[in-house]
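For clarity, chains are labelled A, B, C, D and E in written order, and residue numbers in each chain start from 1.
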Amino acid sequence: MYTGIDLQQALIDVLMGFGLTQGVAKVLWMPLPMLLVFLVASVLALVCTWLERKVSAAAQQRIGPEYMGPFGVLVPLADVGKLIIKQDIIPAKADPILFTLGPVIVFISVFLCYLVIPFGQNLLISDVGTGIFLVIAISSIAPIGLLMSGYSSNNKYALLGGLRAAAQSISYEIPLALAALAIVLMSNGLSTVSIVNQQADYGILSWNVWRQPIGFVIFLISALAECERLPFDLPEAEEELVAGYQTEYTGVKFMLFYGSSYANLLLAGLLVAVLYLGGWELPFPIDRISDWFGISKNTPWWQIITASLGITMTLLKAYLFIFTAILLRWTVPRVRIDQLLDLGWKFLLPIGLVNLLLTAAFKIALPNYFGG
Amino acid sequence: MPLEAFLIVAAALFCIGIYGLITSRNAVRVLMSIELMLNAVNINLLAFSNYLDSSNLRGQVFAIFVISIAAAEAAVGLAIVLSIYRSRDTVDMEQFNLLRW
Amino acid sequence: MVMIETKAERMVINLGPHHPSMHGVLRLIVTLDGENVVDCEPVLGYLHRGMEKIAENRTIIQYLPYVTRWDYLATMFTEAITVNAPERLANVSVPRRASYIRMIMLELSRIASHLLWLGTFVADIGAQTPFFYVFREREIIYDLFEAATGMRMMHNYFRIGGVAADLPYGWVDKCEDFCNYLTPKIDEYERLISNNPIFRKRIEGLGTIGQDEAINWGLSGPMLRASGVKWDLRKIDHYELYDELDWEVQWDTSGDCLARYFVRVREMRESAKMILQALKALPGGSYENLEAQRVLAGPKSEWNGPDYQFISKKPSPTFKVPAGEHYVRVEAPKGELGVYLIGEDSVFPWRFKIRPPGFVNLQILPQLVRGMKLADIMAILGSVDIIMGEVDR
Amino acid sequence: MNLGEGVQAVSLVILSAMTIAAAMGVVLIPNIVYSAFLLGGVFISISGLYLLLNADFVAAAQILIYVGAVNVLILFAIMLVNKQEDYQAVKLSLVRKITTALVCIGLFCLLALTVTSTPWLLTPNIAAVPSTLVIIGKHLFTDYLLPFELASVLLLVALVGAIILARREFVPDPVATEFPAAEESLSLLERPREQLVGSSSSEN
Amino acid sequence: MLKFLNKVGDYAKEAIQSAKFIGQGMGVTFDHMRRRPITVQYPYEKLIPSERFRGRIHFEYDKCISCEVCVRVCPINLPVVDWEFNAEIKKKELKSYSIDFGVCIFCGNCVEYCPTNALAMTEEYDLSTYDRHELNFDSVALGRMPTKVTEDPFVTPLREFAYLPKGAIEPHAVSHTERRAGKRPEEILEESGNIGNNAE
């Protein structure tokens, strides 16, 4: 495996060139990728909101946003501007501390997950060993925030919405984790980078989606449920609970909820891309091409090309998932709470266990194909 | 003295847990106090594992067992609290005296 | 992890009058046990405008513009019943052409009402897209209405003894176009909705009403027909000229929300079929043809005869409701829309009691939703198809 | 003390302070919902402490299980049982509390004394293990296999037990349900009204 | 065991069936993405109101004979007819006439029953003002003619369904000058003249 470009070292070298010590350079470096990923994730989530509007409009034979920028791409910015200058209302009988803390917790927990999402070989904040496990763990904090805002709004719709959100995310975390576990079983590591690298050898053929079709479906369904997207958007079911836990929120706090729900969707898309669709890998192995043309993998311009191609591929795959989710949202009705829990516990959980068992069996039987 | 620091934090947590366990009237809070005590134990285990057994990490294994048992305890404990609540319509510990004498 | 199901504290939750799925200003006070509905109490009257009292202080001509505000989605039916009642009381005859025009308008209105019902019903379950699709078709119907009557919703088109104006040029052709266009669209909706597993799971076997129960509760319309009672006033009362058309009463036996869905969808198809037949059988044909025939055949032709008029005699502003009383009903999309009219040979009716189908159908709601989940309230309420304008009047 | 150690020391102080403060909140704040949310804070800061102790896997597991599951479960239970009840006054409760506090402080002093006075056999240098995961996994499947299996059985038993304990005894038949008319929670806030009992029971 | 397997098989079949039908539904929505949006973008595109459209009422002062039929057929007796009996010519002289369009429901009864056709419906429907009292039109305001949608250079006029050519469903695809459905009187006369001749 080649290491690809190392931005960190490059920047530290530059900074040391200015006469700074290595320690200071590292300290300067530390917040940079976090800030960068935060910004990128926000922008990509905003793109999701635009995509949602456009796709839903197209699916309903409407036009959608049109006049704000070309094809209305500036609509998300207008949204953000509007929500920021909106009055921040805290209901008189609400609990102001918890009411404020709720959306913040949700927002932080979602954006913290981007810590281990790789956009390219070295383009992630930290390649921690617990990787995918960390994502699942951190994303399980969000229900606390939802419960908090549901409780503190002092509104019955909000309380029901918060309870539903918590029940839903607890129930679907398990199938999600089981599906991810099957992948981990094959890649022999929890790290997101090793999971992608394990899918690198034969281009599209080596992607996990072929080896884990059942797991893929389980993951898709549970990811949708975790994101509270339409067939499973019971916590904010408009027709039943008005807006669920967000009922009383306005302005910036609402923006935090709204933004984190789309960031969560994007996160799910990225996870699908990493776990099942080969992450930043192209549908054909790019190393072969460099071999054909006789380009050294360490040539700087080639590295830049592969890195940008990798980012593009990751985003393409993520947005493919998001597109499907959006189209699905505008196609299907909502399930009922008992059906939701039934699906999670009585369908996805056993299937996930069976899938795990099968993966283990295949891993022993066919070690070559299932990461022996 | 980092090890001692961790141990003292754990001890403080444990003592707070005991205090909560004894003084709480609300059964759910009693359960929460128990969780606090278990966590104090876990901190101890991990601290020892890190400072005294850093190559073997047996403390971490133990901590995982403790966590799993704590989860089971929480589930069963809450179920008991809820079923008592259902029959007695209160979560006051002082009223839970069915088995007295 | 275990989901703990507990006896939670009962929660009294207030749905409406301003709630996204309350179809206007219905208010439901729901007692919940967790997610389960223990009790439900509808509270009406937020849209009460004293429609019956207004009728007693207006001549029929003056009152006609009001009636479309009862059931503002099936507007033609309210007008039909408002003119039918004094017509029958005063024994006014309606030309055949007018009757056909009325039938076409009524069936178009039925399609419009069912279309909107479909959109809101599916939206109540959570699918928003069909709502936009049905509006596309409904707009076409309203375009047709606008061309013929001058307004999209508040038509003021029916008159005692006929309709206000003949169909305009080209209208018959375009109406045919619409009926031919509608059927594939309904197929499309069915592809999108009918077999969707989530949709099926949500509403199959939900809110089941037995045959006896439906009759005892006084239900009517698709609510009744879905419960296995083949009862359609168009067949039973023989009003207008429905007997001259070839059509079937659409009904189902299972009595649940799905059956109501199917009954309504099939009724839309049946209505489209009926409109096509009526357009063919329209006495005198399309307006342009009728005019041409009249010009050709000269002033004394049969084309000037009473059957080819759109109105028998223009009602005078001082049309008196004769003394007497009776009950007149039509099969509105929501059910039996009736008027109990008491006249005392004055320009104002002495009593004008409206029997709105939505009001009667709504009564069964508390019984249907009890023991169901919170989300089922919306599905069942959606399948009942109420319009608060006529419930509260 | 280099940079890394400085960061660690500062984090240790902050996290410990958070842990202790939140834990005090858990036991002292009268509002049970606040204590439950603070419990989540305790868990999260403890997982931060775990990270300082080079236990990334346990830290993640701590968040996943304690915050994501146990705490949510507790919150769930609290919100389902959310009933404002005034406890009956118990004699000498203040004395009880003071005594308990004294005993706890004493215990803490004792423990602290022991901790500081014990000569710990510290490993000379803390070996940076490449991956704690691998070691834990090996332990779980070799020398701790039996406890591991037992733990899984325990979890299963707890699952079944909790379900049985918390389950309703019977699912009330919706047809035969009699809704007690006099029950407070069923009556409307606005005006008293007839329950629909008569109609529903006679209908069926 | 076999029963269990059967059950599993049924379950799998059901799951596949569900996937198929959801896919079918998504096919429908996906198919709509390539269809032309039906949106009429209001300030830039406007539908041409139909010929019978009941918009703001137009009033011709000179035609009015102050008979007050419009008041009597109006559901709320809205038109205000202020007249004075002129003894010399033994006729009622109209002094002022006004209709408050903030209250009017545009039912068209007054137009229908006006004996001298002094009242007529226009195609003006956007009667929004900042002050509702501005909607109380006197006889001068009632006498103004509205601007036509088709003559507004900033607006793309679109025809309503009933005025499209036979077979056309969507107004965007059709030029607004194209002939609408239905034949012209002379064409019908020509055609039916032939038919009539044959019949004779």
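In this text, a contact is a pair of C-beta atoms (placed from the backbone, for glycine too) under 8 Å apart; a residue touches a chain by one contact, two chains touch by 3 or more.
The model shown is predicted, which means the values in this text are computed figures rather than measured ones.
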| What chain sits nearest the middle when you go by CA atom centres? | A
| Higher C-beta contact count, A-D or A-C? | A-C
| Label of the chain whose CA centroid is most distant from the centroid of chain E | B
| task | Select the chain at the greatest separation from chain C, using centres from the mean of Cα atoms. | result | B
| said: What's the distance between the Cα centroids of chain A and chain E, rounded to whole Å? | reply: 49
| field | Rounded Å distance, chain D centre to chain E centre (Cα mean) | value | 65
| task | Could you grab the centroid distance between chain C and chain E? Build each centroid from C-alpha atoms only and quote it in angstrom. | result | 21
| query | Listing for chain E: what residues touch at least two other chains? | reply | 22, 25, 28-29, 32, 38
| field | Where chain B touches two or more other chains, by residue | value | 71, 75, 78-79, 82, 85
| query | Tell me, which residues of chain C touch at least two other chains? | reply | 1-2, 4, 6-7, 129, 133, 136, 192, 196, 198
| field | Footprint of chain A on chain C - complex, ascending | value | 1, 3, 11, 13-14, 19-21, 32, 35, 122-129, 132-133, 136, 192, 196, 198-199, 201-202, 373-378
| note | Per the touch rule above, chain E residues touching chain C in the complex are 17-18, 21-22, 24-25, 27-29, 32, 38, 49-54, 69, 72-75, 105-109, 112-113, 121, 160-164, 166-169, 180-183, 185, 188-189, 191-193, 196
| Residues on chain D engaged by chain B in the complex (per definition of touch) | 8, 12, 16, 19-20, 23-24, 26-27, 32, 35-36, 39, 42-43, 46, 49-50, 53-55, 57-58, 61-62, 65-66, 69-70, 73-74, 77-78, 80-81, 85, 87-88, 90, 96-97, 100-101, 103-105, 107-108, 111-112, 115-116, 120-123, 126-127, 129, 132, 135-136, 139-140, 144, 147-148, 151, 154-155, 157-159, 161-166
| Where on chain D is chain A touching in the complex? | 2-3, 33-34, 37, 40, 44, 56-57, 60-61, 63-64, 67-69, 71-73, 75-76, 79-80, 131-133
| request: Could you pull out which chain A residues touch chain C in their complex? | output: 56, 59-62, 156-157, 160, 167, 170-171, 174, 230-231, 233-234, 237-240, 242, 330-339, 341, 345
